[in-house]
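Worksheet: one structure, shown below.
Labels run A, B and C following the written order; every chain starts at residue 1.
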Amino acid sequence: MSTEKVKEAIAKVLPDVETVICWQGGFDAIHATPCFVSSPEQIDKVIWSPLCAQNLASYLPSMKKKVGIVVKGCDSRTIVQYMQEGLIDREKVVIIGIPCTGVVSVKKILKEIGHEAVLDASFDGSGSITVRTPKGEKTLAIADVCPDKCRTCQYPTPLVYDHLAGDPITSDKPKESVYQDIREFDAKTLEERKAYWEKELDRCIRCYACRNACPMCVCQDSCIAETREPHWISQKLSLQEKFMFHMIHALHLAGRCVECGECDRVCPMDIPVSKMKKKINAEMKELFNYETGVNPDDKPPMFTFNVDEVKIKEHKL
Amino acid sequence: MTDIKNPYLPELATVLRVIEETPNIKSFQVLFNDPEKMKGFTFQPGQVGQLSVFGAGESTFVINSPPTRMEYLQFSVMKAGEVTAAIHNLYPGDQVGIRAPLGNWFPYEEMKGRNILFIGGGIGLAPLRTLILFMLDNRSDYKDITIIYGSRTPPDLCYKDELKEWEERSDVNLILTVDNEYPGWTKRTGFVPTVLKEVAPKPDDTVAITCGPPIMIKFVLEGLAQLKFRDEDIITTLEKRMKCGIGLCGRCNIGSKYVCKDGPVFSLAQLKEMPDDV
Amino acid sequence: MPDTGYLPKEKVKDFIRELAKDAIVHVPCLEGETVVFRPFSEDRELCLERPANTPPKSIIYPQSETLFSFEHKKDPEDHQKMSVELKVDIDAPGTVIFGARPCDARGFVIYDRVFIDTDTPDPYYKKRRENTLVVTLSCAAPFPGCFCVGVGGSPAGKEGTDAMLTEIAGGYIVEPVTEKGKAILNKPMVEDGSTRLKDAQQAQQKAHEAVKNPFAGGMPNISPELFDADPFWEQALSKCVSCGACTYLCPTCYCFNITDEQVYGKGERIRSWDACMFFHFTLEASTHNPRPTKFQRFKNRVGHKFVYYPEKYEGAIACCGCGRCIRYCPVSVDISEIVNDLGGGGKKEQQPAGSAKND
C-alpha cells in the first residue's frame, strides 16, 4: 500500500487511456483532492495515503473516453453497481485497485485539533497521523479518526480491478457490525427519531453537495429538487421541503446506495444523511437478501419484479 | 426607513385582447388597471417588461407595441415553459402583473437619416416590430427601410396582417422567406442568412438590426460581416433567462454586463468585447 | 464615555441578554460539531472559538423570503371576473449579529454596493441592513483555507462592522466602528478598555501575520487569454461536482431565484438563493443553456468575483477570503489557486499532504 506502487500502476495504464483519475495533495496537509493524470510527467504529483477519502468512481459515468481509475475496496462497489445498472462500459475503464486499511475523516481530525489551520501532517506508517497546528502537535490513531464506514469495512480489497497495487487483504470486521448503528437507531421511539431528523435536517442549506457527490444519483441536471415540472418541492426554506428532498434522495437509492459515505463526508453542515440510505439498504438486505455493489452479475431488486417475493406478505394474498 | 420603490412589485394589469399569431405564439394586449399609470407610462422601443401570471411566475418579453401607439401594451409570447404556458391560458379580462420598462433600447436617434435593414426570424420579429412601427410613425426621419423576415413555415410567420400592410407600402421593402417549399407559398424559400446573402443589401450608411433564434443570429452576423457591415452598425437584441430584471439576480449576465439592465440591445462591436457565453 | 470598552468573558452572556432586550440577537451556536447562527435563547450553546460553518448572510439576506403575497379573488358581482390582490410585508425587526467574523461583515459591504448603492435599491435587503447591528469578533488565528489578507481583508478588518470585539486575557476589547456601534459601550457590562486597547492591537497584528496570503506578490493580474481558454477551466475544474456548497456558504455570493408558490388561489412570490454552479440556473425554457458545462459555470463564478464585479465597482473584489468554499468543497477546489494560475505566475506548490512518510 504505497504511493510508489500506485504510481507504477498509473504509469503502466496511462498509455492505454485518456486520463487516470487519482489523488493529489490538496490545499492543506490533511486534504487530498482528485486529480486527472493524462501525461507521464503529471504522475509525480500523485499521492496515496489515508487522506485519499474521495470516491473517485463517481466521475466514471461522465467520462466519454477510456479512462484509468484508482479505487479503494469501498469505491470498487460503486463500479460494480455501475456495471449492474449499465451506467458504464467496463471495457472503457481500467481499474487500479488498492487494498486499503482505512482512510481518515477530515471532519474528525478537525474536531480533535480544535478546527485550527493545519501547518503540516505526517503518517508514521503504524496507523497514526500527526498533525501540526499553530497551537502544537497532535498524534491521532487513524482508527479513531476514520469514517464510520471503515470501522465495519467488509471489502478492504477492491471487488473488481485490472491491476492491484499491493497484496490483497481480508476484512477482520464482523459482518453483523455493518448495520449495528441502524439497529441501535431503530430501537429509538418514533418521536425520538422524528426529533432527531428534525434537528439534523434543519441545518440543511440545500446546497445539494450530497446529491452531486453521490455516485448513484443519476438524475443530476433533472433533479426534482429544482424542476418546476414536476413541481414537487418549492424553494421555500422549510423543514418540510428539506425533508422531502432528503427522503426522495434516499428512496431513489433504495437497493442502489453503495454506502461509500460521500454524502456524509461532503455535507458542509455535518448532517448524517447516509443514515437514511443505510437504513433502506438494511431493509433491502432483509427483504431481498441483496447487498449493493458486490457482484457485477446481480440485478438490483428495484430493477426487477417478482410476483412471488418471498418476504413480502402482500404478494401472498 | 426611507420609502423606496419596490422593484419586485408588479403593477396590476388586465388582458384586453389575445391574438393567435401562429400555432404556438400569441400576442397579448394589456392595460394597466390604474388609468393614471397607463397615462403616465413611457418607454423606449426595444425595452422589455416582466409579465406575471401570479402562481406561475414571471417572464421577460419585449413591449412590441411602439411608444407612438399607447392604446395598450402588447407582448408576444411563444409557448415554451411553465410561465409561457400559463400566459397562453389567459383570456381577455384576466389579471396579470407587469414590471416595465426594463433595460435599454434601440439607439434610434443615431439611426436617423440612415438606411435601416431589419433581419428577423420567427418570434424574433417581436422586438423589431416595435422599432419598425415606431419608424413608420416617424417615417420621414429615416431613409430606406428593408425588412428580411423568415420562419419555418408560412403559418409560423407572426403579425400576418402587418406583414401584408408593409408589403403593400411603397416606402418599405419587405422580403419574406420560409425554410422549405410549402403548399400555396409563392415567395422565397431558404433560411434567413441565405436570403440575406441573396439580397446582399449594401452596407453604405445602413444600420442592420437583427433578432431571431441564436443559430440564425450567428449566421446573420457572419453574413453581415461578409457584406462589409461595420460592427457598430449591427444591432441585435438578446434573450436570456431572467428573473429580477434589474441586474441583480445573476443569471442573464455575459461577463460584467447584465442583459436585463445593460441590454437587451447590443451592437456587434459591444458583443465582441464580451465573453462568448451567449 | 470611553472610546474603547472591555467586556469580561464571564459577562458575555449577560451582554447578549442585554442586547436581546430590544433586538433579536443572532449568535454562533454549537450544534453537534457544526457552528450555526441562531437567535439567542438560554438553551443555546454559544461558540466563539471558530467561525460558523455558514456565514451570517442569511440574517440580512435570507435564503428564502416572501417578496409579496397574492390572492386571486372572485368578483362578488360577476363570478367570471377575477381580481388579484398583492400584499408586501417586509419583515425587518431590530437585529444584532453577534460574533460575526470580519470576513463575514465585509461580505455585507460587498452586498451593499449591489443592493443599496444602485438606482433600483432592494427594499428588503436595505431595510434589514439598516435595522441590523453587526458586532464582529476578530480572529485570533487563521482557520483551514482562509486567506482574507490576500483580498484586502484582515482578521481584524473593520469594514461592514459596527463594533469589534478582540479577545485578550480575561475578556474582549470592544472597539466601536460606527455611531450605531458606539451605543453598545453604554451597556452596563462594558467597562473602560482604553488602557488595554494596545493588547488587542497586538493580538490583531499577530493574527494578521499568521494568515496565509496566496497572493503575497500582489493580486494576480488575470490574463484575459487564460480566462477565455476552455482548456484552462477544463483542467482546473475536472474534479468539481457542480454542487452549491461554495456559493451557499459564501458571504459574498448573492445570486437568486424568484418563484411563485400557490395553493388554491393564494400564494407567494419567493426570492431564494440560487447557485450559478447549478445547470438549472441559466437553463432557458427553450432548453437552450448559455452555460451548460460546469467549466463555464465555474468560470462565471470566478469571473463574477474577480473580474466582473471589480469592473463594475471600481476594482473591488467580490471575495472576502473567508475560505469556506475551500474548506467545505467536496473535492477541495481552491479558488485562490485558480486565481493565481489565471495570473500566469504565482503557481503555488502543492502541499505534500503528509503522504511522503507513508511509503
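One rule holds in what follows: a contact is a pair of C-beta atoms (placed from the backbone, for glycine too) under 8 Å apart; a residue touches a chain by one contact, two chains touch by 3 or more.
As the structure is a prediction and not an experimental result, all values here were calculated from the model.
Colleague: Which two chains meet at the most C-beta pairs?
Modeller: The largest set of C-beta contacts joins the chains A-C.
Colleague: Taking each chain's centre as the mean of its C-alpha atoms, which one lies nearest the mean of all protein C-alpha atoms here?
Modeller: Looking at where each chain's C-alpha mean falls, the closest to the middle is C.
Colleague: If every chain is reduced to the average of its C-alpha atoms, which one ends up farthest from chain A?
Modeller: B
Colleague: Using the average of all C-alpha atoms in each chain as its centre, how far is it in Å between chain B and chain C?
Modeller: The answer is 39 Å.
Colleague: Could you give the separation in Å between the centres of chain A and chain B, each centre being the mean of its C-alpha atoms?
Modeller: So the centre of chain A lies 50 Å away from the centre of chain B.
Colleague: So how far apart, in whole Å, are chain A and chain C when each is placed at the average of its C-alpha atoms?
Modeller: So the centre of chain A lies 30 Å away from the centre of chain C.
Colleague: Multi-chain contacts in chain A: which residues touch at least two other chains?
Modeller: Chain A, residues with two or more chain partners: 228.
Colleague: Which residues belonging to chain B are in contact with no fewer than two other chains?
Modeller: In chain B, the residues touching two or more other chains are 57, 81-82.
Colleague: Provide the list of chain C residues touching at least two other chains, using ranges where the numbers run on.
Modeller: 257, 259
Colleague: So in the complex, which bits of chain C are touching chain A?
Modeller: 31-34, 36, 49-50, 53-54, 62-64, 141-146, 210, 212, 235, 238-239, 241-245, 247-249, 257, 259, 261, 270, 272, 275, 278-280, 324, 326, 328, 330-334, 337, 350-359
Colleague: State the interface residues of chain B toward chain C in the complex, per the touch definition above.
Modeller: For chain B paired with chain C, touching residues are 1-2, 4-10, 12, 54-59, 80-84, 93-95, 97, 214, 239-241, 243-244, 246-251, 253-256, 275-278.
Colleague: Using the touch definition up top, name the residues of chain C that touch chain B in the complex.
Modeller: 67-68, 70, 72, 80-84, 86, 88, 92, 114-115, 118, 120-123, 126-127, 130-131, 228, 254-260, 262, 265, 267, 269, 271, 274, 276, 281-286, 288, 290-291, 296, 299-300, 303-304, 307-309, 311-312
Colleague: What does chain A use to touch chain C in their complex?
Modeller: 2-4, 24-36, 45, 47-51, 54, 58-59, 107, 110-111, 114-118, 120-125, 129, 134-135, 199, 203, 205-209, 211-213, 220-221, 226-228, 234-237, 262, 265-266, 268-270
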